[in-house]
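Read through the structures below before going on.
What follows is chain A paired twice: with chain B in the first complex and chain C in the second.
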Partner chain A sequence: MKTHNNFDERFEFTGTAKTISLVGIVLGVIGIAFGFISGGDHIQRVYSNLLLMGYFFVCVCLAGIFFSAYNYVAQAGWSASLIRIPQAFAKVLPIASIILILIITAGLLHTHTVTENGKTETVPYLYAHWAAHGITTPGSENFDAIIYGKKGFLNIPFFYGVLIVFLGVYSFLGIKMAKFSEAEDTEGGMANYDKIFKYACIFLVIFGFTFPIFAFGVIMSLEAHWFSTMFGWYNLAAMHVSGLAVIALVIIYLQKRGYFTWLNENHLHDLGKLIFGFSIFWCYVWFAQFFLTWYANMPEESVYFYKRWEPEYKWWFWLNIVLNFLAPLLLLMSRDAKRLSNRVMWTCIVLIAGHWLDYYLMIMPGTVGEHRGFFIEEVFTFAGFAGLFFYLVMGKIAKAPSLVPKKHPFLQESLHHHR
Partner chain B sequence: MAHHHESIIREPLMTGKDMTYARITNEILLPVENKPNKAWWIGFVVSALGALLWVVSISLTFWYGLGEWGLNKTVGWAWDITGFVWWVGIGHAGTLISAVLLIFGQNWRNSINRSAEAMTIFAVICAATYIVAHMGRPWLAYFTLPLPNQYGSLWVNWNSALMMDVFAISTYFSVSLLFWYTGLLPDIASIRDRAKGLRRRIYSILSFGWTGSLKTWQRFETVSLILAGISTPLVLSVHTIVSFDFATSLEPGWHTTIFPPYFVAGAIFSGFAMVQTLLLVTRKVLGLENYITMFHIESMNKIIMLTGSIVGVAYITEFFIAWYSQVEYEQYAFINRATGPYWWAYWSMMSCNVISPQLFWSSKLRRSIPFSWALSIVVNIGMWFERFVIIVTSLHRDYIPSSWAMFYPTWVDVGVFIGSIGVFFTLFLLFIRVLPSVAIAEVKLLLKTASEQAKMKQIKEGHLEPAEVQYYKESLTKYDSVDMADYEKV
Partner chain C sequence: MSKTKFILGCFDDPDNMMQGITNLQKNSVPIYDVYTPMPIHGIEAKMGVKDSRLGYAAFCFGCLGATVIFSIVYYTLVHDWPQNIGGKPSFAMPDFVPFTFEWTILFTAFGMTITFFAATHLFPGRAPRVMDLRATDDRFIIAVDAKGNIPHDDITNLLKEAGAVEVKHNERKYVSYE
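Right after this comes the complex of A and B.
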């Protein structure tokens, strides 16, 4: 173990890494442009993919705040020396939020005509099932009594209210916590630690009560007739695993570049345990939702899974369980596996692909339906957002005054952490 | 983790001056090696009378059948299954403390795991009695097992969640018992080494020939971790299956998908409340203030607040989705809960489980022993009502208004429930007389690293951030077992 670490070291974000992330962004733009130019069903695919990645992007940044908040509240010692990484995610949340809101706005404004059951209607590309014109106007030929009953929640002003207020509050609290932590570096003492603790509690309470509503609105309402109480926690589990996987990947990347030399296999081991455990938890909520819907066999609920068992999705439906449950279960089961950076890295890559697929299965059947695809739009949009995320997060890490919270009261515990 | 880099701001897990390994053994074994005091006898007589009530009520049930209970055609499940789930839920804290907190390296569990695990075993025993009791013909209990038989196609119904329950709970009971007993081995050996005569013989057999060699300890650590790994999924599985009982078999079609994790959170919530109920009294009566400190009490209160809030999110989500679903039956089920004839049960549940734990945001209340104790009782009442609301309120008004009915318990219903509490306390009181209520070997691990005395030594040595030392001293003021006068000079 190295005994002397240079805590004044700064990260420089230049060269190939920067170029690759910019290439990713360009690919994303190309993918989106390709979809729009191709027209027809491709436009729907572009919107669905944008929503998917916009939501994924927001969720990973949110997971950064969630991770640092619960680590502070639980007085975790091991994570103190890596907390700057999730804090960088938090700083990117405002940008991610704006992008998500822009995507949703474009998807709501941009309409097209569809013919369903012999009836032609003009619907927006996103949230067609509740935001279509006249759907909640009694007497309109598009009128839908069930959606009319839900209009207290499913209406444009309230929807925007949820997006802006929730994402605004999450961003504010996340950035505040990161700033206090940076102030602690220069000021020392316990005052900043206390403030972070307090803000972390406030964040967790607000987040715990509001995140399910956020998931109900942004994702579940794509198929506005369908409902499941578990959906919020299911999304919470997906968000958490994705966030942990991205945190681990960023750490492994930075270590390969020669930074964060104070982190070792013990820290990776703890992250690995969380990834392993919460992947099982994800599968647990996935199964519980599926099982109870299957068991009750109520048409208004089981229709959701019927759609996902059509030939277009069935293969992907089961692959979801393989990637997000079986893969981490088998790859990270043993103690040694969690301590090998390459093993953790590959598992995290599988999990990020897996949770992309998980969101794909939440979004696509209710939007693109049988016109699903997996090529330019999907891969390039993913590349675009991955590039953007990498570019922004690395930028924030480079700008941070230090890579380690030098005066964190648990820093010594983290530096000498061993399992 | 307990090592010499532990931050000074971590609050001590053991208080007291001049603590030694010998003193720890002596203090914890005091009730085991001496005649019980008056408080114990009073508690025991009251509990045993309760247990007697249970014997009478359950005998009547077996003799005359389930007609002794207040069940009717519409409400075919009531206090019995409510009591069953209540006990299973309470049984969750033990495994959470022994397994999950072990995996997370939370060494404050060392002082409370023993009693919590014992409580788990006794609670699951109480729950198991309900399973047998409401079979109606308990002598046919073996029908729940998939045994080859000569009755043609008579076979257990694997599609029934109640069937899965038999397996979930028996697995849970076996693993919990194994975990508890394995942890007890070094402590039983300590009693053996100090005992004489027949007592020594008995504890000698019970200790499985524990030698205390390095190899034994190594195996002990390994087996603890393996059992923790096996138990962790069990914390989730048992109450998941229990939640399936209601999500799949109350009213045809009625369910909410959030049930499994929300039941698990509720179980941990009630389990910690019961640990608090027991330990706050045990701590005082057995003089364990140095081991079960204010930090432990406060931490448990925080978990009660957290799990109570999780349950609260689930309640609100259920209500919201019932409205959002726009399904008439779904909506009625919830409107009937809040405003129907059982509104008082619903609002008791809401105020006890969701609103009252929020009082623990106040550090003053969180650190008040009488308040914590009272709230732990409130939470247990609330969790009883939660199951009552889910079961009876869902059943009493089904799809056909002509079959709507109310449920009125008979004295036998009440007797079985109150009696089971008597059985539980009788077992717990016997336990603290014959086995150490705190894991001696495990709290000894805290002495050199996480005790007040070790931290005092660290402060005297210097080399610490003054701000952090000050922070630590301030945190000590809440302890009822720390003399702040000792800190004036250092």
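Right after this comes the complex of A and C.
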């Protein structure tokens, strides 16, 4: 057993890793520019991809806060020595939130004309189903009775209110918790730990009630005629699994670079169990949403799955379940598999691709429809946001005063986890 | 000849008990078993205990549960008396998912519990077989089969050296029937 760990070690974010993340950002900008220059259907595709990655980015950062919050509330010991990684995600959330709000604003302000059922209307690129001009004004030629009935929720002031208030509160609580944890390094004692515990409780209560509303607003309202009460929990599961996969990947990456030497296969085993369990939970809620719709077979509900069952999406629809359920089920089921860092790494890569596809299937049928594609916009936008995320998170980890919370009351438990 | 059947080293500290195991192993004294009031990390590896096979039993019970309910529902609702539920075909796969899932879990949970009870001889109404009652409270016990492991005094000394608070020479294996 290694008894001495050097906690004064700092992470240095330089060299190839930094270059690659910057190249990713450049690729993303090129992909977005390519889409706008190509014009036509490509512009809609770029907006949809930007919304997808903006949402994915926010969700991964949120998962960092969620992870550290429930670990503090459960008074978990095992995660104490790796908690600085999700805390770094939390510190990136304000930037992710601003990017998401900018994408949504651009998508709402940028309009184009579409001809549907012989009617030509001017609609925004994002949220065209409810944000188009005159859609909730009785007497307007765009009037839509269903959207009119939902206008208490689907209107611009409320929508922005939800985005700004929710993301602001999440960011505030996440950063506060990270700051208390850093203050603990120098001050010691239990005061900061107790404060984090209190903030984590408050965060979890607020988050549990508001995240579904956030998902309803940002993603579900793309197809505003349809709704599902399962959608919020389905998104929560997707957010949690993809966030855990990113946390595990960052840990494995940093370990391969020679940092976090105190983490061993037992910590990875615990993360693997969470990833495995929540992949199954994701499938459970996915199926629950599908099953009720399929059983009731009401036109206004089944239209959602009908669109995803058309030839453009059918193959992806099945691939979604293979990547997000079958792959982790088979790759991580056995105890030993969760303890192999390469196995966990590849499973996490599959899951991140899988949840990208999951979001793709939530967004694309309602925006680009049959003009979907999978090429430069999709791949480059992903590369851009992945590079941005990596750049920002690694920067935060490098700036943190220490890679472990040195005075965390359960730190020794984490360092001697199962040893 | 000595009537001692089992030698029990009683420790009040798990670290001392681990030292006791090391002392016995260094002197090639086979250990019958170790009883502790709480789980001790790493003790399985040290004692060379094989991985539990309970997972395989769980898997088999899960498969059994899935097969049983799938067969029952297939026979009753598809084969024997085809049911029209909401205009769907009588053999529509999504219908079959929830109860197959539930019965898989039900059989796995009960099957694992029963297997565990059978493997550890724990049944309702049966007195559990305990070598030292304080092993369920505040003592960490190393049990050594006295037969063939001589001289007993040497074993006693090895345990005492490691910090045993008491070494018992029991003439019967289990005390819980008394």
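Criterion: the second predicted complex is superposed on the first by the 417 of 419 C-alpha atoms of A that agree within 3 Å, B and C clash if a C-alpha of one lies under 4 Å from a C-alpha of the other, contacts with A are read in each partner's own complex, and residues count from 1 in each chain.
Operating definition for what follows: a contact is a pair of C-beta atoms (placed from the backbone, for glycine too) under 8 Å apart; a residue touches a chain by one contact, two chains touch by 3 or more.
Note that the structure is predicted; figures quoted are calculated from it, not measured.
In this superposed model built on chain A, chain B and chain C take up the same space, so to speak, and clash. For chain A, the partner touching the most residues, choosing from chain B and chain C, is B. Residue contacts after overlaying the shared chain place A:412 against chain B, while chain C stays out of touching range.
In the superposition on chain A, no contact is made by A:401 with either chain B or chain C.
Looking at the shared chain after the overlay, A:208 reaches chain B, while chain C stays out of its contact range. Applying the stated contact rule after C-alpha superposition, one finds that A:295 touches each of chain B and chain C.
Of the two partner chains placed by the overlay, neither chain B nor chain C lies in contact with A:40.
In the overlay built on the shared chain, the residue A:146 is in contact with chain B alone; chain C does not reach it. On chain A, the surface patch touched by chain B in one complex and by chain C in the other comprises residues 291, 295-297, 418-419. Residues 75, 77-78, 146, 149-150, 153, 188-190, 205, 208-209, 212-213, 216, 227-233, 273, 280, 284-285, 288-289, 291-293, 295-298, 300, 409-410, 412-413, 415-419 of chain A touch chain B in their complex.
Residues 287, 290-291, 294-297, 335, 418-419 of chain A touch chain C in their complex.
Within the complex formed with chain A, the residues of chain B that make contact are 1, 3, 5-7, 9-10, 103, 105, 233, 236, 240, 244, 247-248, 253-261, 309-310, 313-314, 316-318, 320-321, 324-327, 465, 467-468, 470-471. The touching residues of chain C, counted against chain A in their complex, run 41-42, 51, 55, 86-87, 94-95, 97-98.
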